[in-house]
Amino acid sequence: MIQNPTILTDVTKCIGCEQCVAACKKINHLPAQGPPPRPGSTPDGLSADRWTTVIRKPHNHFVRKQCRHCEQPACVSVCPVGALQKTPEGPVIYDKSICMGCRYCMLGCPFGIPHYEWTSAAPSVRKCIMCYPHLKSGEVKEPACVTACPTKATLFGTREEMLAEAHKRLAAEPKKYIQRIWGEKIVGGTSVLYIADISLDFLGWNDSKELSDEPLPRKTWAALKMVPFEFVGMGALMGAIYWIIERRRALAGQHSDSTDAGREERGHGK
Amino acid sequence: MGNVTHFVRGPLLVFAFMVFFLGILRQVVVTVVELWRAYEKAGDQHVPVSFLFKRSLGWIVPVNALRGTRTFYTFASLLFHAGMLLVPLFLAGHVELIRKGIGLSWPTLPPGFSDGLTLAALLGLAALAFLRLADRASRTLGTFQDWFLLALCFIAFLSGYWVAHPASNPLPFTVIYLVHLLGAELILLLVPFTKLAHAALFPFTRISWELGWHFVPGAGAKVRASLGKAGEPV
Amino acid sequence: MENRRIFVFKGILWFICGLAAAVAILRYAFGLGAATALSDTTPWGLWVGFDVMGGVALAAGGFVIAAIVHIFQKERYHAAARPAILTAFLGYGAVAVGLLFDLGLPWHIWHPIIFWNIHSALFEVAWCVMLYLTVLALELAPTILERTPFQRAYRFFSRLALPIMILGIMLSTLHQSSLGSLLLIMPFRVYPLWYSHLLPELFFVSAICLGLSMVMFESSITSWLYRRKPELDMLSGLAKIAAWALSFYLAFKLVDLFAQHKLGLMFAGTWESKLFLFEMLISTVLPIILYSLPAVRRSPTALWLTSLTSVLGFVLNRIDASGISQVWATRSFYFPAWTEFAISLGIVSACGLVFFFIQEHFPVDPHELETIERERATVEKSTPRFAPFTQVWLGEGWRKSLRVYSLLFVLAMAVGLTLAPKSEPAVDRPIQRARGADILRVGDGPRYVYFDHKRHQDDNGGKQSCVLCHHLHMAGDVGTPCSECHRGLYTPTNIFSHDRHVARLGGDASCVKCHGKRRPVDLAAVKKCSGCHEKDMMTKNPVVKVFDVRTACSYKDAMHKMCIPCHAKKASDPKLNKPNLGRCGACHNSGTESEKIYLAAFPPQPEEAARP
């Protein structure tokens, strides 16, 4: 299996035939017809049994949506038990035997990718895993969706190859494409890249307005790395305050019976 | 009318069944707990288990009682109980409804046989009512509840028969259908809270009846007296 | 008999517990989907917002009072210490129970113990909650053991109290703030007014404020229930401290908003800004003013109301931050199902019952316990009774309350199971696209219908029937409306009136006319409507368009679906060596009639073309 596998989708070439969806359902043994979407949700076509979909935009633009397999994935960083893992090669995979079902990953993902099996009594989080088990075993050379694409709108290779290809295409037809590779730098870079003639900011929540090139896990880590210091500091502070007040009382000669602890201690001392 | 029917055969029916099952469960649990406390307090803690067992079973299989002193009464009661147990559970129409509702089904009685059972139960009920009137002791002891439950069962069976045989029904079908449903639901709702609870509680009734003998009449007053607190409330 | 107030109050709590028990059965049997209104766009709802986020914050009273009494050694608040610790213990217990409902795989709740991810704020919260629950149990131990024969254990735990208290404060500091850290990773979801890099600190400070108000609220309500004189001296002192803490929180929040240049957003007039102002008003501003007034501090009722306001305000803050404020980004709709309320309230009620039980059997308030025990001693000795009809032993008089409670519990459970939604919502089964998809969107609104493609095909005559829908329209059309065939679509009418049929056909004797003589009567034996109403039944009328509903895919889509698979196969065949077969150009030439139609329907947009 290649290192850092990446999918590049050229939105201008997609004809919206959804052969990728069919291939994805087939290789992952997903039911053809799942339960209807939950009331109140804003379905984009993705669901627990539909890991990739084609979003139709006006004027014949078709944008394939799937897990972005971020370089520094938020879902992996938020999972308290590590049920979501970034594999050494690159794809982000899920292990149900570890998952608690807290659904924090679904909130943490800036692209709204993980979906849940709401109608199951033992549900799991479902999302694209870039055909990782099949690639790993050598069963397939590229993800099923890439193989299925009749117009080669979606390509597969290492991240360097795909970025080079994208830059080549942007340079070859500068009028046609918006000069930007979606996924090159956003939230620290993703393993699913897009080039397009329309803006693809709608793929992120709130039109990606709040997303920068800074990886999202850093935001949490900035607070979490302070935890040991806060813990020890609070303990020291409380101990110090107790000692000072106790000392002042002792000096003032007025023993208090305010606490069980104080009473017991003195009782024990006598 | 459609809305009422829909409510009565939908949510209300489910509610009646839930109250029936949960209420009986609660009665059994509470009864066992309380019986245990009574047993602990009983002076003589000997419980004649085999006797209670025989006695309880004896009431279920009333063959001996048929030869006893109140043959006619036992026979009427038997008719009624056979109908009450078999028809609601094994009538083909009921089983079909349950199958559609929750997907479970079991063998059914032949239609002719269940019709017969229904009529027999109606006859038994009428006989029981007559006996209750005829016997002086029963007449004096009878309460509103006794008469009400008799009437309720009678209405439920009669309306049920008419629902199954629309041709013999003098009233509009929807009305009799509603009466049947409401009657049956009322029975289900009342089982945990009235003497109908004997359906689930009869084994415990025997035990509590037996335990009751172990409490000497006026025991409380004697205890108070021996404690030197005679006359004080307990 | 118990005190009437307590009796009624406990009865209500038992009733709610019964409802929750019914919903619990539903939730574990059919999954989260059946018991909640959660969706993929709103994966966290009331159970996380109220039970977990709110529950932890509500239990903050434990560590705040522990600090005041044991560290700062303010003797006058000593009476509040044991109830506050008990409340905290129950609060954290409630969080754990709430999680058992909310987690998709609750039997994995212990996984954070062995599977570690120190980069997750939730991992830290999980550990802190586990440890703090243990610490609280140790803090509670002296209360439970004091009047038991285990005096050595009692002395042991009493001596441990101080280090345990300090450990508890340390742990609380961590996870109260880490609940704020939970939201740090989602600036794209949390509305800017709630989002801040200082969320952990804000959560910690607001937890202290909430803890103080909660202790006051709870102290007032128990003294009312047990008809006890409120400890006004202690309450007014706490109110003073709370006023200072709240003022600090308000200043902190405002400075933080100012530093982020978000002050203007407060008055933007959006519903988020209004919600924010309302939340700040009831949680902070109003309580500051009221707590500062000496008249309020002298009145137990006023203090009770003020603390309640503040408590509600801060719980709203947690729910806002973890849920409501995210609607802004997801544009989805979520309102908790009644089942969610039932579980949330049920857990709170169960906590209340356990609180009463411990209060009535252990020296949480030693003086109160003596009164309760005296009352109980008098009622326990009353004469035994037998049920009038069942002849079953009913026990002593005081057990009557138990019978009433169990009855209420069972009745509530029956109501809950009756109302329980069946496994799948029956209405609005939506559609998005006919192509391969099963969910079709109706118009542009949020209405969807469920489209069973295979059934349509089977019902209309197999593969030969494609043309029935797909060839109604030509290239450029988006789809074939469902309403072309289903003319009564979305009109909620029940066209069949059984009563009318019976009346027309001649009363009860006429049943057999439709139902036949077969018994039991089932659908298979019933005469079909079209058997009589042949002329009235409209089966097809392809011209009439009732609604603009988009559903089945168009001619273009259908052709694509038929052609592309084979083309793709041929294109990838190395022997054939015709890779271009898979491209659009293989079939589509420019300048054809169909392209003209297509361009007329979708003219190229100038601003799109002009974009660099």
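Note that the chains are named A, B and C in the order they appear, and that numbering of residues resets to 1 at the start of each chain.
Rule of thumb we're sticking to: contacts are C-beta pairs under 8 Å (C-beta built on N, C-alpha and C of every residue); 3 or more make two chains touch, one makes a residue touch a chain.
Quick caveat: nothing in here was measured; it's all calculated off a predicted structure.
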Neighbouring chains common to chain A and chain C, by label: none
Chain whose Cα mean lies nearest the overall Cα mean: C
Length of the line joining the C-alpha centres of chain A and chain C, rounded to whole Å: 23
Geometric centre distance via CA averages, chain C-chain B, whole Å: 42
Averaged-CA centre spacing for the pair chain B and chain A, given as whole angstrom: 61
Chain A residues within the chain C interface of the complex: 15, 17-19, 21-22, 32-43, 45-47, 56, 59-60, 74, 77-83, 96, 98-104, 106-108, 110, 112, 115-124, 148, 150-152, 174, 178-179, 197-198, 204-206, 208-211, 216-217, 219-224, 227, 230-231, 234-235, 238-239, 241-242, 245-246, 249, 256, 258-262, 264-265, 268
In the complex, chain B residues that touch chain C: 1-2, 11, 14-15, 18-19, 22-23, 25-27, 29-31, 34-35, 37-38, 41, 92-93, 95-96, 108, 111, 145, 166-167, 169, 172-174, 194-195, 197-198, 201, 204-205, 208-209, 211-212, 220, 233-234
Interface residues, chain C side, partner chain B - complex: 381-384, 386, 389-395, 399, 402-403, 406-407, 409-411, 413-415, 417-419, 494, 497, 499, 502, 507-509, 511, 519-522
Chain A contact footprint on chain C (complex, rising order): 28-34, 37-44, 67, 69-75, 78, 102-106, 108-109, 111-112, 115-126, 142, 155, 158-159, 161-162, 165-167, 169-171, 173-174, 177-178, 180-182, 184-189, 197, 200, 326, 328-335, 423-425, 428-430, 432-433, 435-439, 448, 450, 452, 454, 560-561, 564-565, 567-568, 571, 582-584, 602, 604-605, 608, 611-612
